[in-house]
Structure formats: structure tokens, C-alpha cells
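A, B, C, D, E and F are the chain letters, set down in written order, and residue numbers restart from 1 in every chain.
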């Protein structure tokens, strides 16, 4: 079975506060474009994160990647950084980057990519709410 | 981050009655092929609808598409047309088209496509029940 | 462990069409009170049904009630009657009774109660949609 | 069917930021007791709210309470007050009250109770995350 | 707010193998009563466990019980004992007790009860599958 | 609409026991690599299975494939083989193959592929737990 590609997925979650804001714009324009998401005191979400890794399962373990190790990696690389944080105030990544779901998803990809073996593909899905979610790469 | 494609998803729902029926066939053949779904008095579903739009996030907003606007668009274009309706009797779209999940999914795609910017891709997933669902384009 | 009461639950589902309508009222009053749910051509739902039976587990089986038998009972008594039906047109129960979630829930209770041993309690929960649901007895 | 009590439920949601903090305690004690939830910059949640109203269905409508009206009432009384807000900074209710799930649940009960008919019972369930939730009255 | 009772819930899960079998009965009777669940080589489940603790929130913390501590308690008392185990072979509790969902639920209650403050009530809900679940005390 | 490809999905489930073990390795190495999943007495899961079939809907039925027939096919080909079984002991397929989620997913694909029309594509998604799942082909 050694040349068949399988995708494996691990589901994790974190809770964070954020605010959408574009500093190049006036307060009025920010309120017009981002609506309630522009609230200066922040609001928050339970972010649900699904990490997908694609590759050929190892012939001895039968694993594409040990999901326990993938879970540990996500914890160290993503959750310890963002869980119970204010994305705008407490993180380096969103100091100058608007923390939309799209941007958070790309940032998480960039944080994890160096830790995933080069012969494996990586994709990130992020639920901001059960009704709004994003995926990168598309 | 301006050339990286992200998919954004919005989840909506509507309730409708329908009946599967092929007018070119006899009643017996209809009952044989469509079974309980052929009931002449109709039955119904809570349709769960997931709309996926793929593109490069705008550099100023960080949005592929404002999901509030996408939600409004789905409401005006799809939900106001099908919610709490009998698909066979109350809609133009299924007057001569069997309202299978496959056909409803393609119809929703065709209704939304003209309203989505041409440089963005569109995909529709429709749950007829939690155990039966379809996706177009595949 | 023979005197401790445990509740057991079985989750089933059926799909049906219905329409809310009070024949004692004018068409206008019906439309005002029931809104979209009054649509004369019907609409429909995936009803999710949870049946709860409470009693002391049998000392030999360890069961309050065999959930396979409870599932068969629900199928024969409720699902075969309502699944893929138009509640207003195809059923005896809702010929003169408005098929609101409340009334459907009480009807299902009355259908099942004679088949549940007298020393066990019965409770019905019915989801009309994931966001609207009812329970009897309360 | 006029004397049988039925419970009806409506599921809504809101997103908010908060921080757990007891001003009578030192910073160290706050960090010890509330851990990550004490983060001074706030974090946030998608709160899922289930409102239960119990009573005898009206003989003409078949409703305990019109769930569309209950949904509107929750929106005006609870969601417009808390959605996309910082509970600690933006609300009157949590100026001097620690916004734990328990306290938010009691506050929502107190906000809704005056608007629910006196002959009906009210109960609130609040999910802070899919794994942590509370209910009042218990 | 100090005399109002609130229920708090914590959701955990574990995976285990089991087999239903009554040693007082013949093999035939066991197969007749327990069907596929009697398979001598065992089968298994992802058990979802919801622990409910009811009491008056502490006036300083606003907590009925710190859910992080409740989660730790469940882990030490229940999950470390049953997770990734064969309930029939690897545990003391089900050596002479048929591991039906009802019995597992009562056993978990008895394991946790001594660790929950005496002025608080405890209730256990256990999902054997998404469609079959039990609750104790009822 | 006859040349547009649609994907249809059917969701089924089965319960099974298994154990991860590589006979070429020592007991110590097995325990190191597979951890709790190596428990010699087995543990188990509620496997959730989603089968995806892609093709052009038939112009008369409006179906890519009748999901009732697909459900029957999955039952005969997969569920009757694995449901309430010990994958390591009771099945031919995992006698010499480690029953990781990846391998189970490929085996299910190979079992179903001959029964799906050649002009249709097949993909399998398998949830071992709500947080760990796999997909083949990727």
C-alpha cells in the first residue's frame, strides 16, 4: 500500500479576543466596513482549528503522521501562542495585520509549515463560528 | 500576503417540502425508483447550505469576501425563494426539474454565480439530511 | 445496584411535510399568526426525535430497556406512520390537530406510552430544526 | 390536550470578550485562581444560548409560545446587549460582577424573566465552549 | 446572588472495548439477548461523558466549581482508569458486572461522588454512540 | 444539466475494537510508538464513515447515484464485515495489516471500488474520533 496518499486531520481549538481594524482608514470607514467586529473593546470567539497533513503512510507504522505528535505540535506552535489571548494586543503576528479569519488561517499555516516534513502537504481550516469558516491553501 | 488564495465558507439553512417525480414515467415506475420520496402529498427537509467562495484576500480588509454580505446575498437570492416553500409547486426553478439534492445544488449555484465576482470561485454543498449531502461543482 | 433509576435515550429521525393552520380562523388571521409556516403548499422538516425511558436496570441484563428493541418500537409506532409523509394530509392524528412541534410531541408520547412498561417513565424530545425544539412531559 | 405542560426551546448565540477577575484579590491570587482566564487583555467565546419556556400549549395556536417571538425577544433583550461586546468594559451588568458562565447565565435569566408570561417557567442554558456549559435554575 | 443554584457541566471522552455477557446464562441465551454486542472478541466505542455538578456559585469566584479542576478530577478518577482499555479484561469494576451503558454510568457516578463536595449534586450522562445514551441519577 | 459533475455523500457508522501493533517490532518498541493504542486487550471506537461518489447526474432520475442503494451497498460490503467486530481478530483484512485509521480507510476504498460504476470517482473519509480523521484518496 506504499504509494497511496492519505490525508490525516487533527481537530483542536482555542479561545481568543480580537478586533477588526485597518489603521490606514478613519474611524468612520472602519465602522462602516467592519461593523460590530470593529468594537474598540474587542469581542471574541471559540476558534475551531482543523489541521490536514497529506502523504503516503509509513509501511511499518501505517501512519501518515502520528496524530498525537501532530496534536502536540499544534499545541506548542499555535495554541500556546493564541489560546486565551487578545490577538491584537498580545501577539507579535497581528501587531500590524488585521486578524480576520483569512489572515489567522494563513498565519497558522506559516507557523506550522516548517515543522511538517517537506514531502507532506499541509492545509488549515479555521472556524471563527459554526457558520463562518475559512481554509488555506484553497 | 496578497497572492495566496483562501476559501471562505458561509453556512445557512432553509426548510422546504418536495417530492421526487419523473413525469415521463408511469406512477409504478416512479414509485419503484423514488420509493417514499415519491409520496404525492410531499415530504420535507431542513436543508443545510454551505456556500464556499475562493479568492485572494483584499490587502486592506483582509477579507476574501465580507461574510455578512455573502450571508445577505444568500438570503435574497436563495432563502427568500425556497424557505418554507413547496419546491415542486411554489418555485419556477423546479416546475420541470426533479428537485433531487443534486439538482437543487446546481440550481443554487446558477442563482448565486452571477452575483459573485468573476475572479472568485464558487462551490455549493447542500445537506438534505445529516446523512445525505451533495456538492457542486465536484 | 438494583434500586437505582437510570434514564436511557434513543435518537431517531423522520422527514415530513406540514403546514400550520387553524380552521376556525380566517386566512388573514392564519397568515398573521403562523407567517411562513402557514404556506398552503406546505413546507417540511427533518424531525430529530429523542425518546427517554427511565427505570431501574434489570439485574441480569444490566439494561433499563434494550435500546435495539426501543428503536424497533419507535420505528413501527412512529416512523412508519410519519416518515416521508405530509402530516396534515396523510395522517389520522393531524386531521383535526394543528401539527405544531408541541402537538407532534404529545401525539408521539401518546402513541408510545401503551408500549412502554407501566413501571417506566417516558419523555419525548422533538427537534423541528436544530434551533427549535420541544419536550413532553415538561 | 389543554392541561399538559410542554417545554419549548430556542437556540441563539453571541460572541463576546471577557476576563475573569476579582477586584478584592491581589493580581497574584487572581492569576492563581483564574489562570489563563485572568489575561488582562481579555479573551473571548462564541456563547451558545438555549432558552427554555414551559407551559400549556394554547388550544387555538398549539403553541406554548411562538418561537419566532421568543427569538425576537432574546435578540432585543440579550443579543443586542452582549453580542460583539466586551462584557467587562461595555456592559452595565458586569461592571461589578465577575462574568463567569454561571453569572452570565443568571443575568440572562433576570433580563428575560419579566418578559415571559408569569404562568410560564423559564430556564437558561449557556455554552461557553462545547465542553463547558451551565444551566439556571438548576 | 448567593442562594441561587446553578448546574455546571464538563464534557470529556474516552475510548474503550467491551463485550456484553451474562455468565449465569448459556452462550445461546447470551447471543439471543445481547446480539452483536456479545461478540467474544469484543467491540468498542468512543464514550462521550458529561458530568453535571449543581450548587450555589461561590460569591468571590462566581464558580459553582472550577471546571478546570473538575476536568482534572475526571481525568484522574475516570479517564486514566478506562481510556484505551478493555472494560471486561482490564478493569476491576467490570470483572463481575456487565459493562452496559447503564452500569458504566452508575460506576462513574460512584467513582466521582466521594470527590465532589457534599453540598453539591452530581449527575452523569454517558453517550455510548451518538444515538444511544444514558443518565444517572434519573 | 447533463455534463456537470456533482459529488454525493452518504454517512454511515460502525463500532469496532482494535489494537495497533507491528509484529516486526519488540513489545517495547510497539509500546513506545503506539502508546495506549497498543493495549494488548484492545480498545475501541465508533467509526463514522463518509462515502463520496462523484459523477454526472442521470438526466431522468436527477441522481448521481441513489443514496438508498449506496447505503445498502456500504452495509453489505463494509458494515456487515466490521460492525461490532474486533478488527485484529475477527477480520481477514487486518490479519497482517495494522488497523490504523489510514489503513482502514484504504481497505474500505478497495472493498467498495469494484461495486461503484467505473465512470464515477470514489473517496472515503473515516472518523476514528471526532478529533482524528482520515481521507483516501487524498
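By definition in this document, a residue touches a chain if its C-beta (ideal position, glycine included) is under 8 Å from a C-beta of that chain, and two chains touch if they have at least 3 such contacts.
Predicted, not measured: the structure shown is a model, and the values here were computed from it.
Asker: Chains shared as neighbours by chain A and chain B?
Answerer: Touching chain A as well as chain B, we find F.
Asker: If you walk from chain to touching chain, how few steps can bring you from chain A to chain F?
Answerer: 1
Asker: Determine, using the mean of C-alpha atoms as each chain's centre, which chain is farthest from chain C.
Answerer: That would be chain A.
Asker: Please identify which chain has its centre, taken as the mean of its CA atoms, farthest from the centre of chain D.
Answerer: The most remote chain is F.
Asker: Could you work out how far the Cα centre of chain C sits from that of chain F, in whole Å?
Answerer: Here the centre of chain F sits 33 Å away from the centre of chain C.
Asker: In whole angstrom, what separates the CA-based centres of chain B and chain F?
Answerer: Comparing mean C-alpha positions, chain F is 28 Å from chain B.
Asker: Can you list every residue of chain C that touches 2 or more other chains, as numbers and ranges?
Answerer: 130
Asker: Pick one for the touching-chains graph, please: line, ring, star, complete, other.
Answerer: Chain contacts: none of line, ring, star or complete; other.
Asker: Which of the chains touch, listed as pairs?
Answerer: Here the touching chain pairs work out to A-B, A-D, A-F, B-C, B-F, C-D, C-E, D-E, E-F.
Asker: Using the touch rule from the top, collect the residues of chain F that touch chain B in their complex.
Answerer: 1, 4-12, 54-55, 57, 60-64, 66-68, 121
Asker: Which residues of chain A touch chain D in the complex?
Answerer: Counting only chain A, the residues touching chain D are 13, 15-18, 36-37, 39, 41-46, 83-86, 89-90, 129-130.
Asker: Which residues of chain E touch chain C once you look at their complex with the stated criterion?
Answerer: Residues of chain E touching chain C: 20, 22, 24-25, 33-35, 97-103, 105-106, 130-138.
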